[in-house]
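In the two assemblies presented below, chain A is common to both, partnered first by chain B and then by chain C.
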Partner chain A sequence: MNVKGPEILFEIPVLGGIPITETIFNGWLVVAAISIVCFFLGRNLSVRNPSKRQIVAEKLVLTLSGLVENTMGKNNMFFLPYIGALFSYSILSSLSGLLGLRAPTGDINTTVGFALIAFFLIQFFNIKNKGVLGWLKGFTEPVAFLTPLNIISEIANPISMAFRHFGNIASGIVITGLIYGALAGLSKVVLGWIPVIGSIPFLQAGLPAILSIYFDVFTSFLQAYIISMLTMVYVGSANEANQ
Partner chain B sequence: MEMTEAIVRAASAVGAGLSMIAGIGPGIGQGYAAGKAAEAVGRQPEAKGDITSTMLFGCAVAESTGIYGLVVAMILLFANPLIK
Partner chain C sequence: MEKFQEFVAIAPWTMIFTWVNLIILVLIMKKLLFKPVLNMLAARDKEVNEMYSKAETAQSSAEALEKEYSEKLSLAKEEAAKIMKDAKHDATLRGEEIVGEAKKEASAILEKAQKEIEREKEAAINEIKGDIANIAVDIAQKVIEKDLHEKDHERLVEEFIDGWGEDK
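Now for the complex of A and B:
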C-alpha cells in the first residue's frame, strides 16, 4: 500500500536547516502557476475592443466579486483579494493531485494555516468593532456560566474548518492509494501466471480515472468553495457593524 | 514486549474501523438534505441553482463529524501515538 505523508525534499541551510517538504514545494509551484495565469490575463487590457482573454478575466473577477458582495456586503469588498487568493490557491492545490503531485491541501499544515487566518481575522474584527472589553464580555453571553462553552465553540470553528478540508483531500489520496494497491493485487491474481505480461498491473488503467473525477475534481471544487464561503460568512458576521 | 505491541497494533486497526462508524451520521444527514433539495427543486424548478449551492454548502458543513471520525482513523493507522 502506497499511502504516505509529504516527504522532505531538501533543507535550506539557514537557522540550522529549514526542511522543505513536498507540501511547501508544490505550494510554490501552485503560486507560480497562479502568478503566471494572472499576469497573462491582466496584460493589454482595453476598454474599447476587449480580447477574448480579457473577457475571461472579467468574467472570473465579476463572478468572485459578486459572490463576495452577496455574502459579506458592500462594505467588506476589501476582502476580495484575500478570498480570491484563498480560492485559487485551494483549488489549484487540490487539482495538482491530478498531475501526480502530492496535493498541498492534503497536508494538515496548509489547511490549519487557512483556518488560523480566518480565526485571527474573526477575533481582530470582533475586537475592532466591540473594543477589548466588549469582546471579552461577548464570551459571557447569554449567561456567565456558559463562558467555557463559548470559548470551546470559538476554538472549534477553525479546527473543524481545517479538518474538513484536510480530511476530504487526504481521504481522496488514501482511497486512491488503496484502490491502486487492490487493483495491482487483482491483476496479479488474474494474469500473474504469464511470465512478462503478468508483471504489468493492467487493471490500474481506467477505473482510477473515473474515481478521480469524484475524489479529485468534484471534491476540489467543493472544498475550495466551502472554505472560502465559510471564511466569508464567519469574517463577515464578525465585521457586521461595518455593513 | 512484542506481545504488547501486537495487541496495541491490532486494537488500533479495530479502533480505526470502529471510528468510521461515525460515517453513519453524515450519511443520513446528507441524504436527508439531498431529499429535501430534490423536493424543493420539484416545487420551484427555477431556483435550482440557489438550492443546489445551499445544499452543497450544508452538506459540507454536516460532513464535519464524519471527517472527525476519518481523522481519528487516519491517526490510528498512519501516525499512531500509542506505538513508539
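Now for the complex of A and C:
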C-alpha cells in the first residue's frame, strides 16, 4: 500500500494556483465546529443561577486561564485566546481522524505552522525585552564558543515541537492504515473461500476501534496538551514579568 | 484523477491557511467565548463584593443599634431602680411622719383626757366638799340646835373640811 500525503481537493487559479488540500479544508471544518461550540457556550450568560451549559463554559475558561496564568504569568494573560485556539484547533484536528477525515495535524505544514508562531513570538519578545543587541548577546552566553549550539537549540525547539506533533498523529494515520490493510488481507485468507461473505473484510471490525483509542483519542489529547504547554513555557519565559 | 501531496513536504499555502485559521479562531473564541465568560465572571465578582460590603455595613449598623439599645436598656433599668428606691424612701418617710403624727395626736388626746379627768376630779371634789359642808351644817344644826348664823357655820365647816381634804 501507498502512504500518501493530503489529497489536493481543488486549486484556486490565482497566484499560480493555490492548492486546497484535505488539511486546509478539514481545518475549516474544525474552525467552524469550534465556532459553533463557542457560540453556544458563550451565549446567554447570567451572573446568577448559571445553566449547565454556562457551568461548562466557565469551567473551560477558568481551567484554561488558570493554566495560562500559572505557566506564563499574569502579564501574559492576553495569550489566553491564542492558547485556547491552539489547543482546540490541535485537538479537534487530531480527533477529526475518528470521523474518517484526514487529520490536519497529520500534515507537517500545520504543525510547523504552530511551531513557527511560537518561534517568532519567542524571538519577538526577546528582542522587545532585551533590545536587538541584548537578544544577539543572549546567544553568546554563558561562554562565546557555545554560540553555534545556542543557535542550533533555538532552531531545534520549533522543529522538535512540529515533528513531535506531526509524527504522533501521522504515525497514527499510517499505523491505522497498515492495520486495516493487514486485517483485509487476513480476512481474505481466512474467509475468502466463502462466496459472498468472503468479499466483506469482517476482521476489520473490532481491533482498529480499540487501537484508535490510543492512536487517536489519547494521542490527540496528549499532543494538543504538549504543544500548548511548550508554547506557553517558551513564550512565557521569553516575556517574563520581571524583565 | 486524484492528486496527493507528498507525505512530508513543505506546502507554503497549507501553512498560511493554518495561520489564517488560527487567527480567525483566536478572534472568534475571544469574541464568542472568552470575553463574555470573563466579563460575566468579573460582574459576578463585583456583585459578590458588593453583597459582602452591604452585609458588612448592615452588620456594623446592627451592632451599633444593639449597643445603643443595650445602653438604653441598662439606663432604663437604673432609672427604674432609682425610682423604686426613691419611692421606698418616700414611703418610709411618709409612714414615719404618719406614725409620728398619730403618736403626737394620741399623746395630745391623752393629755387632754388627763386634764379633763383632773378637772372632773376637782369639780367632783368641790361638789363633794359642798355636799359635806351642807351635810355637816345640817348635822351640826340638828346636833347643836343652836341658832347660829348660817353663814358662819358654813365658813367654819369649810375651813375644817379644807384642812381635812388637804390632809387626805
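Just so it is clear, the second predicted complex is superposed on the first by the 238 of 243 C-alpha atoms of A that agree within 3 Å, B and C clash if a C-alpha of one lies under 4 Å from a C-alpha of the other, contacts with A are read in each partner's own complex, and residues count from 1 in each chain.
Criterion: a residue touches a chain if its C-beta (ideal position, glycine included) is under 8 Å from a C-beta of that chain, and two chains touch if they have at least 3 such contacts.
Since the structure is predicted, the reported quantities are computational estimates derived from the model, not experimental observations.
Asker: Consider chain A as the common anchor and indicate whether chain B and chain C clash or fit when overlaid.
Answerer: Partners fit side by side after overlay.
Asker: Quick one: classify A:237 as touching chain B (first), chain C (second), both or neither.
Answerer: Touch status of A:237: no partner.
Asker: Chain B or chain C: which reaches more residues on chain A?
Answerer: Answer, by number of touched residues of chain A: C.
Asker: Applying the document's definition of touch, where does A:170 land relative to chain B and chain C: first, second, both, or neither?
Answerer: A:170 contacts both chain B and chain C.
Asker: Please work out whether A:5 is in contact with chain B alone, chain C alone, both, or neither, and reply first, second, both or neither.
Answerer: After superposition on chain A, A:5 lies in contact with both partners, chain B and chain C.
Asker: Contacts for A:63 in the overlay, against chain B (first) and chain C (second): which applies, first, second, both or neither?
Answerer: neither
Asker: Considering only the touch criterion stated at the top, classify A:229 as touching first (chain B), second (chain C), both, or neither.
Answerer: In the superposition, A:229 contacts chain B only.
Asker: Is A:89 in contact with chain B, with chain C, with both, or with neither (first, second, both, neither)?
Answerer: A:89 contacts chain C only, not chain B.
Asker: Please work out whether A:75 is in contact with chain B alone, chain C alone, both, or neither, and reply first, second, both or neither.
Answerer: In the superposed model, A:75 contacts neither chain B nor chain C.
Asker: After superposition on the shared chain, which partner residues are touched by A:45: those of chain B (first), chain C (second), both, or neither?
Answerer: Second partner only, chain C.
Asker: Report for A:107: first if it touches chain B alone, second if chain C alone, otherwise both or neither.
Answerer: The second partner, chain C, only.
Asker: For the overlaid structures, how many degrees, to the nearest 10, lie between chain B and chain C at the C-alpha centre of chain A?
Answerer: Angle at the centre of chain A: 120 degrees.
Asker: Enter the shortest inter-chain Cα distance between chain B and chain C once the structures share a common frame, rounded to whole Å.
Answerer: Closest C-alpha pair between chain B and chain C: 6 Å.
Asker: Could you pull out which residues of chain A sit against chain B in one structure and against chain C in the other?
Answerer: Common to the two interfaces on chain A: residues 3, 5, 170.
Asker: If we count contacts the way the header does, which residues on chain A are in touch with chain C in the complex?
Answerer: 3-8, 18-19, 21, 23-24, 27-28, 30-31, 34-35, 38-39, 41-43, 45-48, 54, 57-58, 60-62, 65, 80-82, 84-86, 88-89, 104, 107-110, 112-114, 116-117, 170
Asker: Along chain C, where are the residues that touch chain A in the complex?
Answerer: 2-15, 17-19, 21-22, 24-30, 32-38, 40-41, 43-44, 47
Asker: In their shared complex, at which residues does chain B touch chain A?
Answerer: 56-57, 60-61, 63-64, 67-68, 70-71, 74, 78-79
Asker: Which of the residues in chain A come into contact with chain B in the complex?
Answerer: 3, 5, 160, 163-164, 166-168, 170-171, 174, 222-223, 225-226, 229-230
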